[in-house]
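Chain naming follows the written order as A, B and C, and within any one chain the residues start at number 1.
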Amino acid sequence: MNDGKLAAFGLDKRGAILVALLLAAILAIPLGVRSDFVFHIFITICLYGALSTAWNIVGGFAGQLSLGHAIFYGLGAYTAGLLVPYGISPWFGMFAGAALSAVVAVLISVPCFRLRGPFFALATIAFLEVVFQLALHFKGITGGAVGLMVPLQIGWEWMIFREREPSLLIAFGLLLLTLLVAGWIRHSRFGYYLIATREREPAAQAAGIDSLKVRLWAVAISAALTSMVGTFHGMYLTFIEPEAMFSLTLSIQIAMFALIGGIGTVLGPLLGTLLVVPLTELARGWLGASAIGLHGFIYGTVLVLIVLFMPDGLVGFFTRKTHPRPDEAAAQPGALQASAGALVHDPAEPEEARTIGEPILVAEKLNKAFGGLRVAQDLDLTVQQGEVLGIIGPNGAGKTTLFNMLSGFLPPDSGVVRVRDRNGQWVTPGSPHEFARIGVGRTFQIVQPFAAMTVLENIMVGAFHHHAGRKEAREKALEVAERMGLWAQRDMEARNLTIGGQKRLEVARVMATEPRILLLDEVMAGLNQTDIRQAITLIEKIRDAGVTVIAIEHVMQAIMALSDRVVVLNSARLLANGKPEDVVRDPAVIEAYLGEEFVHAAA
Amino acid sequence: MLRLERVSAGYGRVTILHGISIEVGQGEVVTIVGANGAGKTTTLRTIAGLVRPTEGSITFEGKDIGRLPAHEVVDLGITLIPEGRQLFPYMTVRENLLMGAYTPRARAEADQTLQFAFSLFPRVKEKLDQHAGSLSGGEQQMVAIARGLMAKPKLLLFDEPSLGLAPIIVKQVFETIDKIVATGVTVLIVEQNVFHTLSIADRGYVLENGEITMTDTGAALLKNDHVRRAYLGI
Amino acid sequence: MTVFWQLVLNGLMLGGLFAIISVGLTLIFGIIRLVNFAHGELLMVGMYATFLLTTQLGVHPYALAPPVVLLLFVVGVLIQRFILQPLLEARDHHVQIFATVGLSTALINLALLLFGADIHSTPAYGARTALSFGPFRILTGHVVMFVAGILVVGGLHLFLQRTYLGRAIRATAQHRHAAQLMGIDINRIYIITFGIGAACVGLAATLVAPMYPVSPTVGTYFVLTAFVVVVLGGMGSLHGAFIGALIIGLVDSLSGYYIAPDLKEVVIFAIFLLILLVRPTGLFGLGRGSE
């Protein structure tokens, strides 16, 4: 593999060699020792490693804690097992089971993905129980509680062997397959989208990600892989019963291994398996086979300890030990100059005479109420191409609500938002990602960094919108990072940025999607004077590049400097609309801000 | 009475307050003004024990309270009336008020305090058996203040008491605060309604980006050009 | 018709049992916002304790209610203090899920190690004797559970409504920051709440023990139903849990007879999924179920 291919899996040369050595050891040790017990342990490691890696695509990358993954494992085993008596090879059954599992997974997940956290986990348990009970009930197909024997036909064609080596090879192959798929996903656009959706769903949608779609793909792939392992395991055991195939214990175990090793990392699930499986086998050796329940006791205890003391799992623990924290590296003197420098020698865009053009976004009679509280009343707004529109108003006036309606995050009770697309057609997008795709980008008042990602990766999530390839997205993101003054911090974890840095990241990520209309929600709140001046320069540049800007802002200095036009919201209504210097002299506006008496005092 | 010395505080790795020093004397009304995000709310939350200061000291009546958890700070006589009211929505108004007197010190005198609160807020008495969540914004603010009084505070911290209220209600809220001050309670208040607060405050601090940039009497700050510019760009 | 009404009666009695198990679960969720996946294992611990004490000391299981309730209260307090409290401020929900899932796995397998996989029956001391009411028959133990279910739900309701501590618990659930501002030590409230939730299960264990044999996985069986009850009634709602328990008891009893005994769980879980997906706040939830 050349370096480019390695990079696609997020590995440098040293990492690649370590991973290769680890995998070689998993294969070489049993082949060298050649004892049945050692074969059994390593086949178990490969199987659980593969199951856990497959689970991690949904549980880790997508952050949906499925505790019902045995459904797919069982489907894989049963599909192949039931086809064998008809003379159909389990190799075919493996793929048939995978396809079936993917379909079932999507059907289950469409409704379940509306649930969060523990409720999603409960729903997956419930689905598993239903499948299990049905499998027990329909004895004619599944053999019921008695189970099914797989006809003993020996040979590669039937996936059943007298010797242990071929089984090890197949189990290892499955492990390798799941690792490759997981590694590829993690470092492709798809993986970035999954993790972005997991970390901050609204911000992911604002970056143009169809969050439901990426999650469904993840669950389909994960289910298919789980099912393939199930097929093999069924053939390996030559015995299939609902109790073992649709087992809650198994579902919990594979999730457990991922968490112990490092949830959401490519190698974590395998490392977790490598730690726990041999540990329990050894303990069983010491205490004798009579110690029933011992392995489960160890699993559970290790899990609780890991959650308490190493919440990022083994992978998180070791990477923290071996690498300096990124913020320490970036906090060195010079980091600041570098970022200031990047702003200065930014290649100046050719300054064109800015023209404010046709309407590009129109909102008509927007109304919205939460319970009895009206947060928008008959709001009309027309935004011209190329202008900077400032929105001001006291806290609670409904500014952010308006933004949420202009970007698809909040459907208005009545009224409509229309956007002119690139071809000049007026359209009404139906969801946040559709707004993003048509070119409406937004930031959030409460910054929403994808905390587990670096600054550059955050920006890449936006850049993927127009650049599907990882390399192109990275280049685009680097360019944006430089323009936004985030160059020096590009490898920091986003959660470690200062508040000013997070605000800039918020803008950088949306700018990477190359929006035509940019909605900025209080990007200057909490910034110091230097940062505010930088931010003003930044927005001027964005404006000069032809982007229409709508900005909610409390920093009056910035609103006055930037806005071509200002609208004032008060108590869910439009209070004023006009040139900035006129608006701030409007007595009604002063009253809304400072109170009635101030008008007289000022007079 | 209350003294903050070079206090820094923030959330996680983000520092909001950079070494601020504030003093509030017995019986005073002191206000902190500043833009959104300047750190006003964080200041009050730090005093109340909800946010741990990373540096500096906070003393109240000579006692270091910088490391105390919130519930112990309440017991010493500091009560925060939080931004956005934060009532217990599914409890009745009566229950909300009783919760205000949760500390043993306040619980012993709950009945008398309740009568005092009714004298300030006759409207609250009419709504005693309604769920707090069903009240209007103005009524909720009244209950929030009454609930704060139930703790028998020596120092009351107000965070944006006029937020989201109609001007007429705002006026009532400030009249009530005047009455409370008249009973001898010390008040530290944070408000975006600059005129009202500065006009009732003995002294004021201007907080910008987590630093105190100016301090003067309320009347002087009201006439100050810098304050006016910071608030409306005029 | 006699069969039908007998089934209804059985269902209601079963509902009493589900109620007493579910009430602690819904309390813990409602106050601490924590889905306790180890709840069933607390029941299992209580049942083993009852079984051991009854067989060793020859005491009526019902007489063991005070010590077992106290034991479970202490267990609950320890779990909350040392395992769950450090995780309350965690960034992700998943650590709390995994902590209770891990605890559940560890406890089930500890029981396997100590007592083996076999089931053990606690002496019934007459709890399995049938009482006759005209054509209908009910087991004494079921009547006791039903009455106890009503008493526990009613008692908890009064405790939460009428006492300062009970109100503080509700206040913490409704607004944990504001509760701190009232001078409430919310960590203490959480510890007490988890203790009470576990203590309810302790009482349930002493009542269930003479009726059903104990095994390491007995908790899994009951708690899955308890989750259905709690979601149906509305997570966090006490009377919701009681009514949900009666409904599920009826469904269990009727569908077992009229559909098929081995499909009654399918029916129950189908209801569960339907509620989760269509009305996640349950019948009496406060609109917060999807958190």
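As a convention for this text, a residue touches a chain if its C-beta (ideal position, glycine included) is under 8 Å from a C-beta of that chain, and two chains touch if they have at least 3 such contacts.
A quick note: this is a predicted structure, and the numbers were derived from the prediction, not measured.
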_What's the contact topology between the chains, one of line, ring, star, complete, other?_
complete
_My parser should flag the chain pair with the most contacts; which pair should that be?_
A-C
*With chain centres defined as C-alpha means, what is the inter-centre distance between chain A and chain B in Å?*
40
*Rounded to the nearest whole Å, what is the centre-to-centre distance of chain B and chain C, using the mean of the C-alpha atoms as each centre?*
42
*Any idea how many Å lie between the Cα centroids of chain A and chain C?*
35
_Per the contact definition, I'd like the list of chain B residues that touch chain A in the complex._
12-14, 16, 35-38, 160, 163-164, 166-167, 170, 192-196, 199, 209, 222, 228, 230-234
*asked:* Residue numbers of chain C touching chain B in their complex, please.
replied: 164, 167-168, 170-171, 174-175, 177-186, 286
*Considering the complex alone, what residue numbers of chain A touch chain B?*
327, 394-396, 495-496, 498-499, 522, 525-529, 554-557, 559-560, 571, 584-585, 590-591, 593-598, 601-602
*For chain A, which residues count as touching chain C in their complex?*
63, 65, 67, 111-112, 114-119, 121-123, 125-127, 129-130, 133-134, 136-137, 248-249, 252, 255-256, 259, 263, 291-297, 299-304, 307-308, 311, 451
*Which residues, counting only chain B, touch chain C once they are in their complex?*
48-50, 69-71, 74-75, 79-80, 82, 86-91, 95, 98-100, 102-103, 106-107, 147, 151
